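What follows are several structures.
One chain, subunit A, links the two complexes that follow: it is found with subunit B in the first and with subunit C in the second.
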Partner chain A sequence: MGSIGKIVIPRLGRAIVTLWLVVTVVFVVLRFSGDPVSLLLPSDASQQQVQALRVELGLDESIPVQYGRFILEVVKGDLGESLRFNQPALDLVLDRFPATALLALVAFTVAAVVGLGVGSLTAFARGSVLDRAAIALMGILQSAPSFFLGIMLILLFSVELGWFPTSGYGSPSQLVLPALTLSALTLASIARITRTSLLDVLRADYIRTARSKGLPERLIWSRHALRNAALPLTTTLGLELAELLAGAVIVETVFAWPGIGRLAIDSVAARDYPVVQAAVLLIATIFVIINLLVDLSYLALDPRTRNG
Partner chain B sequence: MLTNRRQVIQSATVATGLAMTGNVADSARADARQATPSIDTLRIAMSGLPTQLDPQTDTFIVMIRIYNMVYDTLIQRDWANGGGLIPGLATSWTQVDETTLELTLREGVVFQDGSPFTANDVKFTFDRTLEGNARLAATGRYGLAEVQVVDDLTVRMITDGPRGTLLSLIADLGSEIVPATYFQQVGYEAFQRMPIGTGPYRVTEFIPDTRITLTAHTDYWGGAPAVSNVEIRPIPEVSTRVAALINGEIDMAMDLPPDQIPTVEEDGRFAVSTVSPLNINILAIVGTKPPVDRREVRQALNISIDRQSIVEQLFGGLAVWPTGLQSTLDPLYIERPQIPYDPDGARRLLETAGYAGEEIRLAYDSPNYYPLEQEWTEVIVAGWADVGLNVTMSPLELSQREAITAEDDWGLYTTSMGNIADVDLPLVVASATAEYQILHTPGQFDELNAIVAQAQQTVDEAQRRDLTRQALEFLEDFTMVLPLFTINRNTASLATISFQETPLFGIDLRPGRFTVTN
Partner chain C sequence: MAELIGAAHRPRAVDVHEQPHQLSARIGRLGVPVLPRTVVLSVAWVVVLALFAALGSTVTPYDPLQQELQARNVPPVWLEGGGWDHVFGTDQLGHDVLSRVMVSVRPTLTIGVTASLIALVTGTLLGLVAGYFRGPADGLIMLLADSQLAIPSLVIAIAAVAAFGQSIAILIVLAGFSGWMGFARTVRSSVLTLRSRDFVVSSRALGADDLRILYRHVLPNIASIVIVLITIQFRSLILFEAALSFLGLGVPPPQPSWGSMINGGRDYLLSSWWISVIPGIALMLTVLTVSLIGDWLRDVLDPTLREAS
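So, the complex of A and B:
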C-alpha cells in the first residue's frame, strides 16, 4: 500500500500541474487568435450591439482578468456556457462522450487483440513469408490516411456489398466501419511494438539461459518472453487508448459520428471558448488517468518498481 | 428553465439508447433499397446541424433551412415569380402614413401546439428586437419605435422615421413569428431546442450533431404537408453524403458541390435541383494603402478576372456571372451590362497608374468556406499575374477574417454578401454604426453613405429604385467591391421528389412547393 501511495501522490501533484498548463495554453492561444463575437452576430450588427455582447460574455475585460475569472470558475466546477448552443459547455462535451468512448473502446479492442496476435505471430515466425507479408500490411495500414481508408470501406461495404450503413450513430451496424477505420493505425502500431519488444526480449541473456538449461519453448514464451515484453507494450497500449478516447476528428467527420473530436473542432472554428476548454480539459484528464493506470500496472508487472 | 433543458437532453439520450438495441437503421436501409414509392419519413442529409433554432438569435444557413419548415413570416417572397412580396401570415398591409405600417393578419392560423396565432404574437416577436438583447441577430434591425395591437388580427408597426426598407425586412430572415405564450412558458433556452411556430413542420426531436426530427403540422394554414415526418441528419463529408444517398439511407442530399453531380446523375434514380441563392461572392479592397489606393489598379483587378471561364469550367455552368451586386430576384433589380473581361484594358490601366509590380496580399478563407474556393482563387490570381498584377494568396481563418480592418496590411479579401439592395447595401458602406461592414475605410464613402441612408428612409418605391441605382453606380465607379459570381446550391434527391431549396437557403416543404409522386 505504501508503495502505491508513494507512486500515486507525487503523480497526482504532477497531474494537476499538467491539467493547469494545458488549460492555460488553450485559454491564451484561443483568445489571441480570433473573435467569437464577430462570428455570432450578423454583419449589420451595430457597434453598441457588439459591445453589449462582449460585456455579456465577459470578453470586454483584459485577458488576465478573464483568465483569473476562468480559473476561479473551473475550481468551482463551472466551465461556462457554450456561445453557440447556449448550454453548459461541460454537458455538451459529456453528451458526446458516450459516442466517443464506444467507438474508441471497440476500435481499441479490435486493435489490441489483432495487433497483439499479429505481433506475437510475426515475432515467433520472424523472417518467414508470413512475417514479411504482415509487416507490409501493417505498413499500409499505418500510412493510409483515415479519410481515404474510411471512404474506401464505405464504397466497398456500403455501396457495393450493402452490408453496413455508410454513416450515423445509433445502431451496432453503424459502428462497424468507423471502428474498423479507427482501429487500423492503432492495430498496426501495436503489432509493430509487440513484434519488436518480443524480438528484443528473445535476444536477452535470460532467454538464452532458459534455453540452455533446457526449458521447453512454451514455458520460455509464457514465463519469460511475454511477461518482459509486456512492459513497453503496456505503455503503448495506454497511450493508444488515451489517443482514441480523445476523439478522432477525421473518422468522426467521414462517418458522421457525433463524438468529441468534431465538437471540439467545430468549436475551435467558431471560437466557442467554453466548449473547447471543456473538451481539452476532459481529454487531458483522460490522458492523466490512463498514464497513472499504466504506471500502477508496472507495480504488478515489474517487481523492481515495488522497492523503488 | 434548467430543468426543461435537462429533460430534453435526457430524453434524447434515452432515444439513442433505444435505437442502439434495435436494428432501426438496418430495416430502414432495406426498405429504401426496394425503392418503396411512398415516403412516410423524408430523410434529408446536410453538411451540419443547427446548434439552436430560435430564428431571431442566429441566421446560419443550416438553421435557416429548419426555420423555413417551422416558422412563417408575415410577408413572403414569391421566388417563382421574380421575388415580389406576397401574403404570408399577413393577408394585406397598407402604409397608413410615412411611419405607420398596418398589417391585417390571416384568420384561423394555429401554432403547432394548437394555440391560435394573433396580433400579440407579432408584437411579441418584434418587441424582442427592441429589448437591446445583444445575443439576438434581429436586435435593432427594423428601425421600429413601437408595435401596436389594434385588435386580434390587426397590428401597426410604428417606425422611428420613414422606413422604405421595412417590408423587405419583414419578409427577410429574423422576422419569423414566434409564439408569445409558449415562448414565455418554456423560456429562451428551451425554446432554442424545442421551438414551435405556425409553419408546416414541428420539431419533435433535437439531438445536437445527430439528428433533428420534425412531424407534419396537420392543421397548417397552407394545407397538410405532403410527408408525415422529416428527419434531418448531419453528414459533413460530401463523399459519405453521396454514398448514403446511393445506398438508400437518405432521400435527399443537400450541399452538393458541382463535381459530385455526375456521380449522382449516373445512378439514374436521382434528380439534382439547383438554385441561384441570394448571395454573391465578392473581393473587397481593404483600406487605401498603395497600390490599391489607385483606382486604375482596382479597375485592372476587376476587369482581369475571367468570370465567364470560372463559371463555365470550374462550376460547370452552375453559377451566375452577375452584372453587379444585385440579384435578378431583387424587386428593385436594375438591368446593367455584365462586368467585362478585358486583360488588355487592364494592362493599359496599370501602365497609366504607374504600377510597378508592388505586392498585393489577398486573404481567402482557410479552411474553404465555399465549394472550390481554393481553385477559383488560384485561377483568378493566375489571371492577374498574366496582366502583371503581383497578388499573393494568404489563407485566413473565418474568425479572423471578420476582424480585418483598414490598418491591416491586406490589399484584398474574399467574402460574400446578400444581394437584395434594400437589405444588403447598408452593409457595404463604412458607416459609423455598423461594426463589420464590408469596406473598412471610414470617411471615404460619405456620398455613398448618404445615398444608402436616404434609400432606407424613402418609402416611395420609384425613388428608392433611383437611389439604389445611384449607390450601385457609385460602387462600380469607385471599384472597392469586386463582384465575382453567385454559386448555385445543389440538392440531389430521389427522382420521385420534386424539391428546390429557396434562394434564401430554406427547405420549403409547403404544399404546392414540394411534391412526392408515387
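So, the complex of A and C:
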C-alpha cells in the first residue's frame, strides 16, 4: 500500500499542478484582456448594469482575493451563466459532451484497429511494395491538416459519389465522414509506432533465444513479440486519444457536429465568454485525467518503472 | 501465416537502419553533398514563398481585396468557363483566388518564423539551464513543460482569442509559447549526456567557467539537433496558424489567409470547389516541403536521429 502511494501520489500531484496552471492561465487571460465586464455584457449595457455586474463579480476587490474566489468557484463547478442562453455555462458544455465523446471514441476505435493492423502487417512484410505504399500513404495522412482532409472527403463522398451527407448529427451515416477525418492522423501515428516497436522487439535477444530453442513462429509472436511491443503502444494510444479530443474541435466545425469544440468556437464568435471558459476548463480536465490514467496504466503494465 | 512471417523475418531482423533512407545525403566528388531532387524542389518552393512574402501585393495579378461582382465563382483556367484572366478562378465575392493565395504567404511566414524564433530562444535557454545547472530550476522547468504538453495549445488559444480578439501579434505569442517545450526537453537531455563527457570534464578541470563551457562545448554540440527541431516546429506552427484561421480565430479579416480561405469556400463545395481546394493544396505543399527539408537535414546533420524505416 505504501509503495503504491509512493508511485501514485507524485503523478496525481502533477495532474493537479497542471489543472491549477490552466485555471491560472484562464484567470490571467480574463484579467489582462481589459475590463471583463465589457466581455460579459452586451455593448449597449447601461451604467447601472455595468456597476451591478462589477459588484457581483467582486471586481472591487484586490487581485489576490479575486484569484482566490475564482479558484473556489471553479472547484465548486460554478462557471457562470451563458450570456446567450441564460443557462449555467457548465450545463451547456456538459450537454454537448456526449456528441464529442461519440465522435472521439468511434474515431479512436477506427484508428486503433486499422492502425494496429496496418502497423503489424507492414512489420511482417517489411521492405515489400505493400510496406512502402503504406508508409507513403501514412506520410501523406500525417501532413494533411484535418480541416482540409475533411473537405476533400466531403468533395469525394458527398458531392461526387453522394454516399454520405456533408454534415449533421443523429444518424450513423452522418458519423462516417467526421469519424474518418478525425481518425486519419491518429491512425497514421499508431501504424508507424506499431511498426517501429514491433521491429525493435524482433531484434531483442529473447526473440533470438525463443527461435533457437525451436519455438514455433506463432508462439514467438503471441508470447514475446506482441506482448512486449504493447508497452510503448499503451502510452501512445492514451496520448493519441487525448490528441483526438483536440482534433475534434476542428472536425466538429468542418462537419457542423454539435460537440464541445463547435460550441466553444461559436461562443467565441458570440463573445459568450463564460461558455468558452467552461469548455476550455472541461477539455483541459479530460486531458489531464487521460494523461494520468496513461501514466498509471504504464506502471501497472511495466514492473520496471515501479521502482523509479 | 506462420511460415510467411518466419520467411520474411528470420534472416533480416538484425538492423533496422539497413535500408537506405530515401533522402539520405550522398557525398559528391568534391566532398559536397549531392542534394536529392525532392529537396531541391522543396527548397525552390520555399524560395518562391519567401519571394511572395517579401513582395506582397505588388506582384499579384489583382488587388486581393478587390471584389468583382460580375466575375463571381469563375472556374480555374483548365475548367469549362475559366479563362486566363483568373488562372485559379474567383471566389463567391469575385476575389481572384491566385492573388489571395499569394498574399496569404506573408502572414503565414511571418507568424511561422517569429514564433519559431520565440520557441527556439526560450526553449533552448530553459533547456540549457535545466540540463546544465540541474537543481530546483530543472524541476520547475520540466514541471512547466510537462504541464503545458498535457494541454492542447489550440484550447488555450481559443480562450486567449476569445478574450483579446484576433490579431497577428496574439497569434505570434500563442504560437511561440506553444512550441518551447520540445526545444527545452531535447536540449536538456542532450546537455545531461554532454555534461559527463570527457571534453567537458577536462575543460572544467583546466579551470574553464560555466559560460565558457556552455559556449565552447555545449552549444556547438546541440546545434544540429536544434536545427532539425526548428523545421519540425516551423511545420507545426504553420499548421497551428492555419487551423486557427480556419476556425475564424487566426489572421484577422479582411487580410486573407489559407486557413480562412479554405473555411470561406466550404459553403460552395457543390459548385465552386476550387475556392477551398486551391489554398488547401498550397498549405499541404508547404507543410510537405518543410517536412522533406527537415528529414533531409536530420539525415545529414545527425544520422542517429533517423527513425527506423
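One rule holds in what follows: the second predicted complex is superposed on the first by the 241 of 308 C-alpha atoms of A that agree within 3 Å, B and C clash if a C-alpha of one lies under 4 Å from a C-alpha of the other, contacts with A are read in each partner's own complex, and residues count from 1 in each chain.
Keep this in mind: a residue touches a chain if its C-beta (ideal position, glycine included) is under 8 Å from a C-beta of that chain, and two chains touch if they have at least 3 such contacts.
Here the structure is a predicted model, which is why all the values come from computation and not from measurement.
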| item | value |
| --- | --- |
| Touched partner set for A:Val25, first subunit B, second subunit C, both or neither | second |
| Contacts of A:Gln277 with subunit B and subunit C, given as first, second, both or neither | second |
| Contacts of A:Val159 with subunit B and subunit C, given as first, second, both or neither | both |
| Subunit B versus subunit C as contact partner of A:Arg203, first or second or both or neither | second |
| First (subunit B), second (subunit C), both or neither touched by A:Ile151 | both |
| First, second, both or neither for A:Ala269, with subunit B first and subunit C second | both |
| Which of subunit B and subunit C A:Ile9 touches, first, second, both or neither | neither |
| Partner chain in contact with A:Leu72 - subunit B first, subunit C second, else both or neither | neither |
| Partner chain(s) touched by A:Leu293 [first = subunit B, second = subunit C, both, neither] | neither |
| Residues on subunit A lying within both footprints (that of subunit B and that of subunit C) | 33, 39, 147, 151, 154-155, 158-159, 166, 253-254, 269, 271 |
| Contact set on subunit A toward subunit B in their complex | 33-36, 38-47, 49-50, 52-53, 55-56, 82, 84-87, 91-92, 95-96, 98, 147, 151, 154-155, 158-159, 162, 165-174, 253-256, 258, 262-263, 266, 269-271 |
| Complex interface listing, subunit B residues touching subunit A | 5, 9, 12-13, 16, 19-20, 22-26, 29, 33, 48, 51-52, 58-59, 132, 134-135, 137, 139-141, 188-189, 192, 207-210, 233-237, 239-240, 243-244, 246-247, 249, 367, 397-400, 402-403, 417, 426-427, 433-438 |
| Residue numbers on subunit C that touch subunit A, as the complex places them | 1-6, 8-10, 12-16, 19, 143-144, 146-148, 150-152, 154-156, 158-164, 239, 242-243, 246-249, 259, 262-263, 266, 269-270, 273, 276-277, 280, 283-284, 287-288, 291, 307-309 |
| Residue ranges of subunit A in contact with subunit C within the complex | 14-15, 17-18, 21-22, 25-26, 29-30, 33, 39, 124-127, 135, 143-148, 151-152, 154-155, 158-159, 166, 196, 199-200, 202-203, 207, 211, 216-218, 221, 242-243, 245-246, 249-250, 253-254, 264-265, 267-269, 271, 273, 276-277, 279-280, 283-284, 287-288, 291 |
